[in-house]
Amino acid sequence: QDPTEIRIQWYSDGIEGEVMQDLLDRFEEENPDIDVVLDNVAYQVIQEQLPIQLASGRGPDIARVTNLKEQAQHWLDLRPYLSDEQVAYWEENFGNRFDWMREDGSDAIPGFLTQLTMVGGFANATLFEQAGVEMPGDGATWDEWVEAAAQVMESQGTAAAFAIDRSGHRISGPNASFGANYIAEDGSPAPIDDGTMEFVTKLVNWTNEGLQLPDVWVSAAGTTYRSGADDFINAQIPLLYSGSWQVANLSTTIGDAFDWVAIGSPCGPAGCSGLAGGAALVAIEYTEHPEEVARVMDWLASEKIVREFSERTLFLPAHAGIVEEGGLEFQSDDPNVPPALDRFVQASGETLPLADQLPAWRWANAYYGALVTRISQAMAGEITLDQARELMDQDIADVVANANQ
Amino acid sequence: MVTAPLTLLARIVDPPLRLWQRWTGLNGMAAFFLLPNMAIFGVFVLIPLALNFVYSTTAGTNILLRDRSYVGAEQYARLLDCANYLEPLTCREDQFWTAASNTLVFVIFQVSLMIAVSLITALILNREIRGRSFFRAVFFFPVLLSPVVVGLIWKWILQRQGLLNLMMVNLGLEPEVWLNDRFYSFVATIGVSTWAHMGFYTLILLAGLQAIPKDLYEAAEMDATPPTRVFRRITLPLLGPNLAVVLVLALIRGVQIFDEVFVLTGGGPGTSTLYLTQYIYEVGFASLLRNPGLAAAASIVMGAVLVVLTLAQLSLSRRSERAGER
Amino acid sequence: MSNMTIRQFVGQRRGHGGRWHWTDIATWIWLIGGTILMFGPALWLVMSSFKSPAQLAEFPPTLLPYAQETVMVEGYDDPLPLYTARLEDGTTAELAEIRRIGTNSQMVDPADPGTRIDVNIADRTPIRSIGFATGNYVEPLVANDFPRFLWNSVFVTVMATLITLLTNSMAAFALSKYRFRGRDAVMLLIVATLMVPLSVILVPLYSVVNFTGLLNSLWGVILPTVATPTGVFLLRQYMLTIPDELLEAARMDHASEWQIYWRIVLPLAAPALAVLAIFSVVWRWNDFLWPLIVLSRRELYTLQVGLNSYAGELNVQWHYILAMTVVTMIPVVLVFVFLQRFITTGIAGAGIK
Amino acid sequence: MATLSLKDIRKSFAGIEVIHGVDLSVKDGELVVFVGPSGCGKSTLLRLIAGLDRPTSGTIELDGRDVTGVNAADRGLAMVFQSYALYPHMTVRQNLSFGLENTRMPKAEIARRVDEAGRMLEIGELMNRRPTQLSGGQRQRVAIGRAIVREPSAFLLDEPLSNLDAELRVTMRAELAQLHERLATTMIYVTHDQVEAMTLADRIVVLRGGRIEQVDTPLGLYNQPANLFVAGFIGAPNMNLFPATARDGQAELPGGLRIDTGPGAARDGKVTIGIRPQHMHLAEAGEQTLEGRVELVERLGAETVVHAVTAEGTTFVTVLAGQPEVAMGDTLHVTPDRGQVHVFDADGQRVARD
Amino acid sequence: MATLSLKDIRKSFAGIEVIHGVDLSVKDGELVVFVGPSGCGKSTLLRLIAGLDRPTSGTIELDGRDVTGVNAADRGLAMVFQSYALYPHMTVRQNLSFGLENTRMPKAEIARRVDEAGRMLEIGELMNRRPTQLSGGQRQRVAIGRAIVREPSAFLLDEPLSNLDAELRVTMRAELAQLHERLATTMIYVTHDQVEAMTLADRIVVLRGGRIEQVDTPLGLYNQPANLFVAGFIGAPNMNLFPATARDGQAELPGGLRIDTGPGAARDGKVTIGIRPQHMHLAEAGEQTLEGRVELVERLGAETVVHAVTAEGTTFVTVLAGQPEVAMGDTLHVTPDRGQVHVFDADGQRVARD
C-alpha cells in the first residue's frame, strides 16, 4: 500500500526549512507508511493565500502560521487522535500557549509553537565601548537607554541613536511598560489610553529629534512592516529594538564586525515588558488523514525533536520542559549568540499581564494596525498626536464594527 | 521550424471553417474568432469581476462570499463620506482619499514621462544605428525583473547609505536621505516605475513605427519637411492606434502601481507615496485590517474612474485611429 | 536597406560625408545615458547576486562582490582573516587577526606566528579581494527541486504564450476587421477589464478556479491568464493599420476568412505578435501571485513560486533571491533576443498604390 | 462560364450616392469594357460585382443566381485591383500561388500554372522577390498573374495595363485576348486606353457620373455615339464639336461651311455638329473649307495633331497623316469628310443623318 | 531653374546592378522624358536624382554642384511618385498644403496655390476627402498636385497620368506643358504613353535594362532610331522589322520586294529592314507589293490596324486610315513608302540611307 501523503506548508526566515526537512526525513525513515512533503512557500503565501484556501475548506494538512488566533476555527483538534499519555505531554509542555491558537473557550489542541519569539533590544557593545559610554544595566529606563545611545551617536557619528521595528506589535511591550491597557473589561478594545500615548509621544519626539532613525518609521505608510536590523548590522545605530528572531540573522551578517548584546526590554514606570509571540505548527481541520497528522505532529512535538530543532535554528523553544531544564546547546560558534538567547529567555519572564494577554486577544491586530499607521503619520507631521489618538480609536472601532457584521 | 505543426493544424481546421463561413456568413466568422478568447475571458475575468462587485456590497472579515453579510451600498457610503473632498483628513476613509489624490498626481506625471521617454527611445531604436539589437535589449531589460527586485535595487541605490549617496560623496556633494524626503520619494516612485516599465511601451511603439509605410517618409522628404514636423504630422498621427495602446496601458498601470513602490518607499514618508493599490491591498489583505468588502468597493471606484478616463482618451484618439483604418 | 529616407529620419547619420547632425549626437547621448541608467542597476544586480548576505547588507555598498582574504598561520587550525593594521609606531603592516575582544584586536604577523600584536579595531582595515559567493546559486539549485520547477515553468510559459497569441489574435482580428453589431461594446468591455488589478479579484478568481476544478493543476495557472485584455487591445490596434485592401485581395483569391486571418493578417501583424509573445513570456515566466494561489503542491511549483520561498516573515534571504532572479532571467533574455528581430520586419505599405 | 446581371444598382458612400441605378447584363464569355472619366464609378462598380462592397440597393445576379448578399470569396471571381494589393510579406511566387492553394490544388499543378503565368507575364525571373523589390510595371504584372492563374469563371480587371510600356501592353493585351478566348471566361475590364477598349471589347460601357451613358460595340460607339458625351469621350483626340444653329435643315459652321443636319433633326434650332479630327483633310482647291490659324502642332511621327482657331475664335483639332510641314501661325484650310459628320440636337442626343 | 548632370551612375540592389553607368545632362528648363520597357530602371533613376536613394557609384550634379551625398530634402526638387505616396491621414487639402507649410509660406498664399492646383486638376470638390475616399485617378491627381503647388526648380514625374482617362490626360498634359512654360522649370518625366512622350518632350531618353539606348528629340527618335531596339520601341504599333540579306546594295523582303540599303550599309550581308505600319499604303495597281493574309483586324475607328502574315510566315502590321473593308483571311497588298524605310546593319545599328 502506498504511504499516506501528509503536506506541510512551511515558510522560512532562515535555515529552519532545511532543518525541518532533515527532521522529516528521519521521521519518514521511522514511519515508512507516511510520506511527509514539505511545501516551502513564501511567507506571503501563508499570510494571503492560505486564508483563502482555508475559507474554502481546503489547504495543506499541516501549516506553519503566525496568524494563530483569527483563523483558529480552521485548526484541527488533535485531542481525539492522541492517547491520554500524549495529551498529558502536550498539555504539560505546550498548554500555556494553546489559548493563542484556539477559539475562546475551546479546549482544543491545535498544534504547538515551533518557536517562541520575544521582543527585545540589541546593543552594539563595540560602539558603546568606542564611545566610552557605559551601557545602562538591567532595569534601566527607555529614557536612560535612549540617552546613552544618543551619546554614542554623538561620539561615533552614527545616523541615529536607535530604531524600533516599524510594527505595532513591537511597541506594545513598551506601551505596557508605560501603563497602557488595550483591553476593555468585556474583552473588546479599550480606547487608546494615556499610557499608550505617553510612550507614543516619546517615540514621536525622539524621531523628530533625530534620535530614532526616521528611515524605519517615517519612510513608509500604512501597516507596512519595516525592520531597523540592516542599520544595526551596519553599525549605523547603536541600539535596535526588535526581537529574538534576529539572533541568527545578526550572527550571520555581523559576523566578527562588532560585539552585540541582547538587552531585553528597557523599562517604563509600570515595568520592563517586551511581548511574546511566535509561529506555530498547526494541523488543519480539512485534512483527510487526521490520524497520520497527529502522529507527525506528536513526533515533531517530542522533546528530543523540539530541542534539536531549537538548537540548530537558534530559536527560542516554547516547550515548557525544555525551558525549565535549560542547557540548550545552540549550534553557533558566535560567542555573541548564547548570551543573547539566554537574555531573551530571561526577558520572557519579565512581561507584564497585558503583554501576556495580547497574543491570545482577538483585537490585537486591529490595535497594532492603527498604532503603526497613525504614529507614522504623526512622525511625518501629517497629523498631530491628538488627531492620531482620535484616528486610532476610530480605526479600531471600524475594524471591530466590520468584523462584527 | 516550430511552425510546421501549426501550419498543418491551420490546414486541417480550414474545411470545416469554410462550411461554417458559408453557413453563417461574416458575422458567424466574427463570432468564431471572438469565441475562444471571450469564453476564457468570461469565465476567468468577467465572472470574478462580477463577484468582486458583489463583494463590495458585503461586510465582515470572512473571505468567502457565502459567509459574508450583505450591506448594500454601505461600503461605498463609507468610502465617499467626506466633509471636504480636497481635504482627505476630513474624510471618514482619509487614507483612501490621500491615496487617491497621490495617485492622481502620480499618474499625471508618470504617464507623461513614460510616454515621452518610451517614444523617444522607440524613435531612436528605430534608427539604423549600429548595435541596434543590443540597445533594444538594454532598454527592455528592466521589464524582465520582478517588481520586488526592482524596488530592492533602487532602494539600495537611494537609501541613506546607498549607491547614489556614495557617488555624491565621492563627487564632493552633500549626501541626502532621499527616501525620507516627500518630494524626492515621489520623484523616485515616478522615476523607478518609469525605469521598470518603459521597455514595455518602447517595444509597442517600435512595432507601431514599423507599420508606417516608408514611402510616406520619402514623400515628406521630397517636401523638405523638417524632422520635427515629420514627427508631428506623420509619425504621430500614423502611430495613433499604437499610441492609444500605450496611453491606455500606461494610464492603467500607473493607477495600479504597487509592488515596486511598496518595496521602495512603502508609501512613505508619511503617506506621501501611498497609492491606491497599496491602500486596497492593506484594507483587503493585510492581516491587520482585513475588510475585503471595503477593498472591493475601493477597487470598483478606482476602476470606474479609470474607465471614464480611458473612454475620454480613446474617443480623443478616435480620429487618429480612423486614419489608421486604411 | 536601400532606403535613404528611413535613414534620414529614422536613420544613421543625417549629414552625409561624415558630418554629424545634432540628431545623431542626441541619439548617442540618449543611448549611452540610457545604457548606463538602464543597464547599470541591472549589472549591479548581477554582481550583487554573488555577494554573501553580510556583504549585501553592507553600507556603503560595493560594486563588485568581495571576500575577506585569509591566510593559514602556523599554529592555528582555521585560516585567519588578513588586515592592514596601523601600528603604534605609525607604520602599517599586513596582519592576521586571531580574535577580537571589544575594541581590541589580537593580531599576528603571518610571517612571524610567535608574537601577538594588539591593535585597536579602528586602526585596522580588512584586506579583501574580489570573490564570488557562488553558493547563492548552487545551494538553491541543489536544494530545490529545480529541474521539476523549471519544467513546470517552461510548460506554463510555452502553453500560455501559444494560447495567448492564438486566441488574442483571433479576437483582435474580429475586432479590427469586421463590422458587426456590438463590436464597440466588446472592445469597451475588454478595455474596461484592464482596469482591475489581479490582486483585487484574487478571491473571486480563486472561487472560480476552485469551481472549475483547476486547482493544483498547471492548466489552472495557464487558462486564466491567456485571455489578457492587454494582448487583444495591443493586437487590435496594430491590425487597424493593416490595409483592408489586402484582405479584399485575399477574398478575391477565394481565401476563407480563416485563411485570411492565418496567412495574411497574422504574418503582417508579426511585429505586434512578437511584442505580445515577448510580453507573454515575460509575464508568465515571472508570474508569482497567481500560481501561488492555484498551486499548493511542491511538484507543481513553477520556478518563481519555488524560489520565492526565500521570503520569510521577518527575514528575506536576498542573496538567494537575487541569484535566482539572475538564473530565471537568462531564458527570458534569450527569448527576447530571438523574438525582437521580428519586431522590425515591417513590411506594411508596400504592394498598395 | 458566367453570366452577370446588375439590376438598378445604387451605391452611396456616407450618404453620397456615387452609382445612380445601373442596369447591365453581361453574357457568358463576353468581354465588356468599362470606360469613363476618372471618378465616374468604374472601380466602385467592379467592387460591387466582386462582392467586396454591398450595393445600397439593387441586385446582382451571377449565372441567374442572386448573389447580392454572397461573400466575395464565394462568388468565384478573380480581380486585378487598381492598386494591385499584393501581399507584401509573400514572394511573387507565393503571391501567385496563394489563390490556388486555397482551392487545395495539387502542388504540381500550382507550380505549373504559376510558371506559365510567370512566362506569359515575363516575370519568371522575379519569382523569389518581394513586391517591394519590384518596379511599378512588374508589380502590376504580378497583380494580373494572381488573377489569371485562378482561371475563374469571370475576371474583373481594373486598369490592368496602365503601368506597362507600349510594347508590353500590346503583348499583354494579346495574351489577355487569347486567354479570354481559350478559357471562354467572362471579363469585365476597366481601362482608359482607347486602343485597348476598341480592340478588346465585345461591348463597351460608357459611364459618366455613376450612370451608364451608352452600351455598344466599339465601332458602334465610334460611329454612332448616342450623345455629345460619348462622342467627345470616344476617339482621341476628341471629336470637334461646333455649336451651330440649323436653318432649313442646314447648319453653318464657323467660316461659313454648311452641313446638312439630316432628316432626323429639327430643321431649325440649335444643334451641335461633331467632326472627328481624323475626318478632315487638307482642303484641295475649290473645296469648302474650315479655316483656322495654327496654334499648336503636335508631331507624333506617324501623324501630326494640329490645333487651330477660326476667325470666330472656335478652336478645332485635326489629325494629319505623316509629318506635313505645318507651323504655328500658318493658316490651315481643311475640309471635313461629309459622310463622317455627326449632328446632335439641342439635348445633346445624336441625330441620325441618313 | 536647374541643370542636372549624371556621371556614370550605377546602382545595385543587394549586389545586383540594375543601372549600369548612365551619363546624362539635362539643360535648365528642359523637359526630358524617360521611356523604356517596364523594369528598365526609370523609377530607380528618378529616385537617384531625387536623392531618395544613393547611387552605388557615380556623381549627380545639380546646377553644377555635386549633390551625390545631399539629402532629398536639400535638393529642392519635387516628385510625383509612381505609387502616389499620399498621406492617408490628411485630407486632399492637407496633402497639398503640407509641403508649402514647411516653407513658412503665408497662409493666404498657400490657400491660393492649393485652390489653383485643385482647379487645374479638377479635384476642387474633393478637397476635404481623405485619399481612401478617392478613385484611383483622383488620387493620382492629388499626387500631381502635391508636386506642382511647390513650384520647385525641377520636377520629377513618374508616370503621372497613367491612371487618367484619355480626355483628362490630354487636358493634364496641356496643363503640365503650360506649367513647364510658365515656370521654366526643368522636368524629368517618365511615361509609357507615346503620345505624351512625343508631344511633351524636348528630348526623349530611351532606356533599356539600365542603360541609355538613345537620347534625342522626339522626331529625331522617330525618324532616325539609332538601333533596332529604339526603332521597335518608339511608335505604335511597333515598326515592322524584316530580317533580310543584302546583295549588291539591295535587300529583298519576303514576297520579293527589293529595298536599297543605301550607301552607309555593307553592300552584302545581313541587314534588317524596318517599316512602320503607318508607312505602308494599300498597293495601287502595278506597285511592288508586300503580300499577306490578314490574321487580325483591329478597328480603332479613326484607323484600322491590320495584322497579316506573308507566305513565308513573317508577320507584319499595317495601319490603314479610317475603317476600310478588310476582313480576316483576305489577302492584303501593301506598298511601303520607300522614303520611310529604315535599314539596320547586322549589329542592329541604323544605317543612313541618304
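Letters A, B, C, D and E mark the chains in the order given here, with residues in each chain numbered from 1 onward.
As a convention for this text, a contact is a pair of C-beta atoms (placed from the backbone, for glycine too) under 8 Å apart; a residue touches a chain by one contact, two chains touch by 3 or more.
What you see is a predicted model; the values in this text were computed from it and never measured.
Within the contact network of the assembly, the step distance from chain A to chain D comes to 2. Chain nearest the geometric middle of the protein is B, using mean C-alpha positions.
Rounded to whole angstrom units, the spacing between the C-alpha centres of chain B and chain E is 58.
For this pair, chain C with chain E, the centres built from the Cα atoms lie 60 Å apart. Taking each chain's centre as the average of its CA atoms, chain A and chain E sit 93 Å apart. In terms of their C-alpha centroids, the spacing between chain D and chain E amounts to 21 Å. Residues of chain D found to touch two or more other chains are 71, 73, 82-83.
Looking at chain A, one finds that residues 48, 52, 56, 234, 236 touch two or more other chains. Within chain C, the positions touching two or more other chains are listed as 3-5, 8, 14, 59, 203, 207, 243, 256-257, 259, 348-350, 352-353. Interface of chain D with chain C (complex): residues 50-52, 71-73, 76-79, 81-89, 98-99, 102-103, 130-132, 139, 146-147, 150.
By the touch rule above, chain B contacts chain D in their complex via residues 21-22, 25-26.
Those residues of chain C lying in contact with chain A across their complex are 53-54, 57-59, 81, 97, 100, 102-103, 121-122, 143-144, 202-203, 206-207, 210, 215, 292-293, 296-298, 305-306, 308-315, 317. Against chain D, in their complex, chain E makes its touches with residues 13, 35-39, 42-44, 82-83, 133-138, 141, 158-159, 162-170, 192-195, 198-199, 218-219, 222-223, 232-238, 276-279, 298-303, 305, 319, 321-323. Within the complex formed with chain B, the chain A residues making contact are 47-48, 51-52, 55-56, 67, 70, 159, 168, 214-215, 218-224, 226, 231, 234, 236, 365-366, 368-369, 373, 376-377, 379-383, 387, 391, 398-399, 402-403, 405.
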